[in-house]
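Naming follows writing order (A, B, C, D, E, F, G and H), and every chain is counted from residue 1.
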Amino acid sequence: MRPHVLILFALLAVPALAGAQELPTQKLLPLALANEAASGAVAACSAGGYRVSVVVVDADGVVRVSLRGDGAGSHTLNSAFRKAFTAATFNRPTSAWADAIKNNAETGAMQHIDNILMAGGGLPIRAGNQLVGAIGNAGAPGFDKDEACAQAGIDKIKDRLR
Amino acid sequence: MRPHVLILFALLAVPALAGAQELPTQKLLPLALANEAASGAVAACSAGGYRVSVVVVDADGVVRVSLRGDGAGSHTLNSAFRKAFTAATFNRPTSAWADAIKNNAETGAMQHIDNILMAGGGLPIRAGNQLVGAIGNAGAPGFDKDEACAQAGIDKIKDRLR
Amino acid sequence: MRPHVLILFALLAVPALAGAQELPTQKLLPLALANEAASGAVAACSAGGYRVSVVVVDADGVVRVSLRGDGAGSHTLNSAFRKAFTAATFNRPTSAWADAIKNNAETGAMQHIDNILMAGGGLPIRAGNQLVGAIGNAGAPGFDKDEACAQAGIDKIKDRLR
Amino acid sequence: MRPHVLILFALLAVPALAGAQELPTQKLLPLALANEAASGAVAACSAGGYRVSVVVVDADGVVRVSLRGDGAGSHTLNSAFRKAFTAATFNRPTSAWADAIKNNAETGAMQHIDNILMAGGGLPIRAGNQLVGAIGNAGAPGFDKDEACAQAGIDKIKDRLR
Amino acid sequence: MRPHVLILFALLAVPALAGAQELPTQKLLPLALANEAASGAVAACSAGGYRVSVVVVDADGVVRVSLRGDGAGSHTLNSAFRKAFTAATFNRPTSAWADAIKNNAETGAMQHIDNILMAGGGLPIRAGNQLVGAIGNAGAPGFDKDEACAQAGIDKIKDRLR
Amino acid sequence: MRPHVLILFALLAVPALAGAQELPTQKLLPLALANEAASGAVAACSAGGYRVSVVVVDADGVVRVSLRGDGAGSHTLNSAFRKAFTAATFNRPTSAWADAIKNNAETGAMQHIDNILMAGGGLPIRAGNQLVGAIGNAGAPGFDKDEACAQAGIDKIKDRLR
Amino acid sequence: MRPHVLILFALLAVPALAGAQELPTQKLLPLALANEAASGAVAACSAGGYRVSVVVVDADGVVRVSLRGDGAGSHTLNSAFRKAFTAATFNRPTSAWADAIKNNAETGAMQHIDNILMAGGGLPIRAGNQLVGAIGNAGAPGFDKDEACAQAGIDKIKDRLR
Amino acid sequence: MRPHVLILFALLAVPALAGAQELPTQKLLPLALANEAASGAVAACSAGGYRVSVVVVDADGVVRVSLRGDGAGSHTLNSAFRKAFTAATFNRPTSAWADAIKNNAETGAMQHIDNILMAGGGLPIRAGNQLVGAIGNAGAPGFDKDEACAQAGIDKIKDRLR
């Protein structure tokens, strides 16, 4: 997995250093935006007839919003959290690991780490280049559909992420 | 604790039996209402200058909505969940235990049961007589304030709980 | 896994909406029926000389009945719970995943989600089209035999599931 | 707690040694009897209008039967298990600790041990002098009522415990 | 995995029924024998220059003896427990699963069940046909060597297992 | 606990809102400063002859630095983490709870919340009015001594916290 | 608790520094001695008619030997481990906390730290002034009796602890 | 995996026996050296533009130092711990398992053991032939880069490891 991953990792945003005198800062995703994105993802999936749960975490993988949609299966909240956590900690879509976990046993082994789930449906949320959180969507009939709903959630707030 | 608790427990709603031929049913709290109540509780506390987390569970204590408010402490999400779980499973406000846990060691011992937290801020959500969920609020400067915000959340949706 | 799974997921039952004015409802599996099904599965396996545990959960994957049969191995209770939980949350037999976990690494990865076990022996319990719970059977010498006993348990109560 | 407890502990049954040549044996509670006792406790509480969960464990505190009654709170299954486990491991009713946990801090501290809950509702099940399991009842409005239902469950099977 | 496993499972010992009037019984492995077997396995491995941990469980997978040998790695106690638990619950050597977990994804999935580890070094302990416990050995340089030490431990006590 | 706590909570720092157009920000404690503070606390206690562990968390209670001092007891790392987590989430010294947990059962109950430990030795770390983390010190012979070492750690970096 | 505890803590042994050039060393308790002590404690209690479990940990609280005595309750292994862990980490008898947990809420709160149990029956094992491990005894009818058996176990090996 | 592993395991260091009369000893890694190594690894990775966490454990896999680097993902602390634990318990680099987990299902299964992670980035720390701890590095874009940073950390202290 090494060469192609290197580039993705290099995109990891550096927290803004506001000056030599001051502590660096991290942009925060307000609850209002986090809930709007999560609700948007649930609604997008619902429009497609899919019953899902959605979790939004901050840049550190800490939960800000968890929503269990009507009729969503009981595993979806945990699945959505793991996808959001995984997207945040690697700052890349969880679907990007699909080939690696098939072909590289060491990469697959990383799923023994707490909360890691390398299955599509998790996306990082960025304000410009800075990671500010991630969203995970679970319960749709296909990992690509989970990712599409997650993206629809981000789209609801993307113009205010700066 | 026995005599006065007996009355409270007797109020436990019986799931509606729709007829001898059919399975009994349980009313469900839709995500939209659950999120409206949770957001209402966060807003009510925010108006008072308090930074809180709010969790809404269904009648079985399973999470429907978790919201961590801006600036709320990192323990508040777990605290809010435990208050909501406790309010749902006993079908009574968590503040109702304040005297019992001081005076009755066996009652206090019940907090060793998974997820039980006997501290104010959790309230059952009912549709008529039937328990449909519970809300827990954590992070306000006083258990009474947590309960007041939780109540404000329920008030947002109470006319649609039937 | 995508195309063929889509159809299965589309069968997910919608909780009955009794009217615009009222909250939707979920049919409940009474303890008496749940225990009859669980005991029936244990008995069916016992008749075949298999020592098993059986768990029945509700539609949310919450335990209603757990039975550890005489002589059943110590792992069977956890295994039966996971099969029941998995059958309930996906609303499909756990045996339906056998090919997917072999051929699709992302699907296999889903077993890192809490309580998910993609091995035969778990079956959803439905009242008409509505999911009302699931049953998991563990300890028989073969996943197909576990599933057969689970089905025998459901058969005991199927005419009263409406 | 020391003097009066000594006597109770001295009653701990010695597993039968069938002879110098053979391994000692432990009597086992068959699933059929365990389920009958558990169902009897649920029914006794139900007759009193109480919605409870009941767990029966073997002499080692390992679960044989767990039943969550209709309408019983979501904490009751864990509470009933802890009461049953505690009754089995100490071979005495859990209500017997009520005074000790109030007056002796070290005894109260024992509730930090895994699964220990010193609150009424747990009773040992004995075949003659030998401990063969325990039953825990949770959800009734009062620890004495929980114990009464647990006793009712044992009474259903007591003439076959030999 | 189905056909060839069927035969192995059919060997599962039936707890002795001492008569229609009495409860069935389970033979118990006394601590003295359990410790002798565990110490024997540590000594056998030590003689080969291997630093290991050994765990002996009863027929229900409950720990009776855990020994961490001098210089044994910190994972060996958990590994030895899982091997002993797995050998007890399936009543067969853990090495018997080596082919199945390679060729059958559902069988491999069973390792997501609590405490299951399908790697050589765990052996059932039987008194005649009745399972009375199991032993797990971990830390030797090869699963076959772990199993050989475990067998050496059983050999120390086998003439007294009746 | 209500009146006097209200004032303390009102001091909770509001993350800086840099403007209506931009996301709010949180100041971050760089690893270099966190390690300097932690090492300073270990050194201060060591100078007093006390063997301690020290943990520094960020404003969200997430670990940045954990140090187990030479000869410090095995419980001290967990204790230091809990003190740091508790100081961060309440934004006040953990010693401030000493009276409340004695006199108010509901406050004491909050220690059933994950990671909360209301015992002296945890202090918030602030850059001006903004909480940027917390430090926990454990293992000194007295909660006041733990707090003094924690303060010594903060003192090492306080002039750079802006 | 402060003054009298200070003296006890001051006795914490300093790992031997063998010279400025070399790393410090920690004396290790060989498995043979650890098992002899544990078995001695079980035997001492058995002679008194008490059925107990005994755990010996190393100086870091890591398990070396766990023995569950014949007929000992299912909670005793966890209780014995916690007593041994607690005795090791504080390098003092667990019975020494009896007054403190009654009179000092902060000290009692320390039992929320992982594995801490402040109840009699745990004793440090020392080679001269250096802590080399601890022993915990659980299941006797009284904390003093648990401690006496633990001491009897140490006495079996004390002349070889140097 | 058997033959070639045998040789590696045979290198397991024997704790020094200082004489027939005295207990054997284990060399200890002082906190100062452990922190220097951990900080060195973070710095080495930082120089390469990689944001990582680093954990140093003692020979028993117990944490001595945990450092979460600036901007390192939230999974890296757990990953680094598991790599360090795994390197310590097997006394070999974690990268040495890459082939085995691909080709040997039983070896891969060992990752179900608590804390085991067979992915590159963990290295044992030795003083001469004696294992004194291990270091784990996580977050670099490639397991080989994680290992290189870990090695750089060891290099900072290697001349004082004797």
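In this text, a residue touches a chain if its C-beta (ideal position, glycine included) is under 8 Å from a C-beta of that chain, and two chains touch if they have at least 3 such contacts.
Remember, it's a predicted structure, so these values are computed and weren't measured experimentally.
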Exercise for the section: On C-alpha atoms only, rotate subunit A onto subunit H and read off the angle in steps of 5 degrees. Expected result: 90
Handout entry: Comparison of C-E and E-G (more C-beta pairs in contact)
Key = C-E
Handout entry: Averaged-CA centre spacing for the pair subunit C and subunit A, given as whole angstrom
Key = 30
Completion exercise
Cα centre of subunit B to Cα centre of subunit E, whole Å, reads 47
Fill in the blank from the handout: In subunit D, the residues touching two or more other chains are 15, 24, 28, 30, 60, 62, 70, 74, 112, 116
Completion exercise
Contacts from subunit E onto subunit H in the complex sit at residues 49-51, 70-71, 73-76, 78-79, 82, 98, 101-102, 108, 111-112, 116-120, 140-144
Handout entry: Of subunit C, residues touching subunit B in the complex
Key = 15-16, 21-30, 58, 60, 62, 127, 132, 161-162
Problem - Footprint of subunit B on subunit F - complex, ascending - result: 1-2, 5-6, 8-10, 12-15, 24, 60-62, 85-86, 88-91, 105-107, 109-110, 112-116
Fill in the blank from the handout: The residues of subunit F that touch subunit H in their complex are 28, 30-31, 35, 39, 42, 62-70, 74, 77
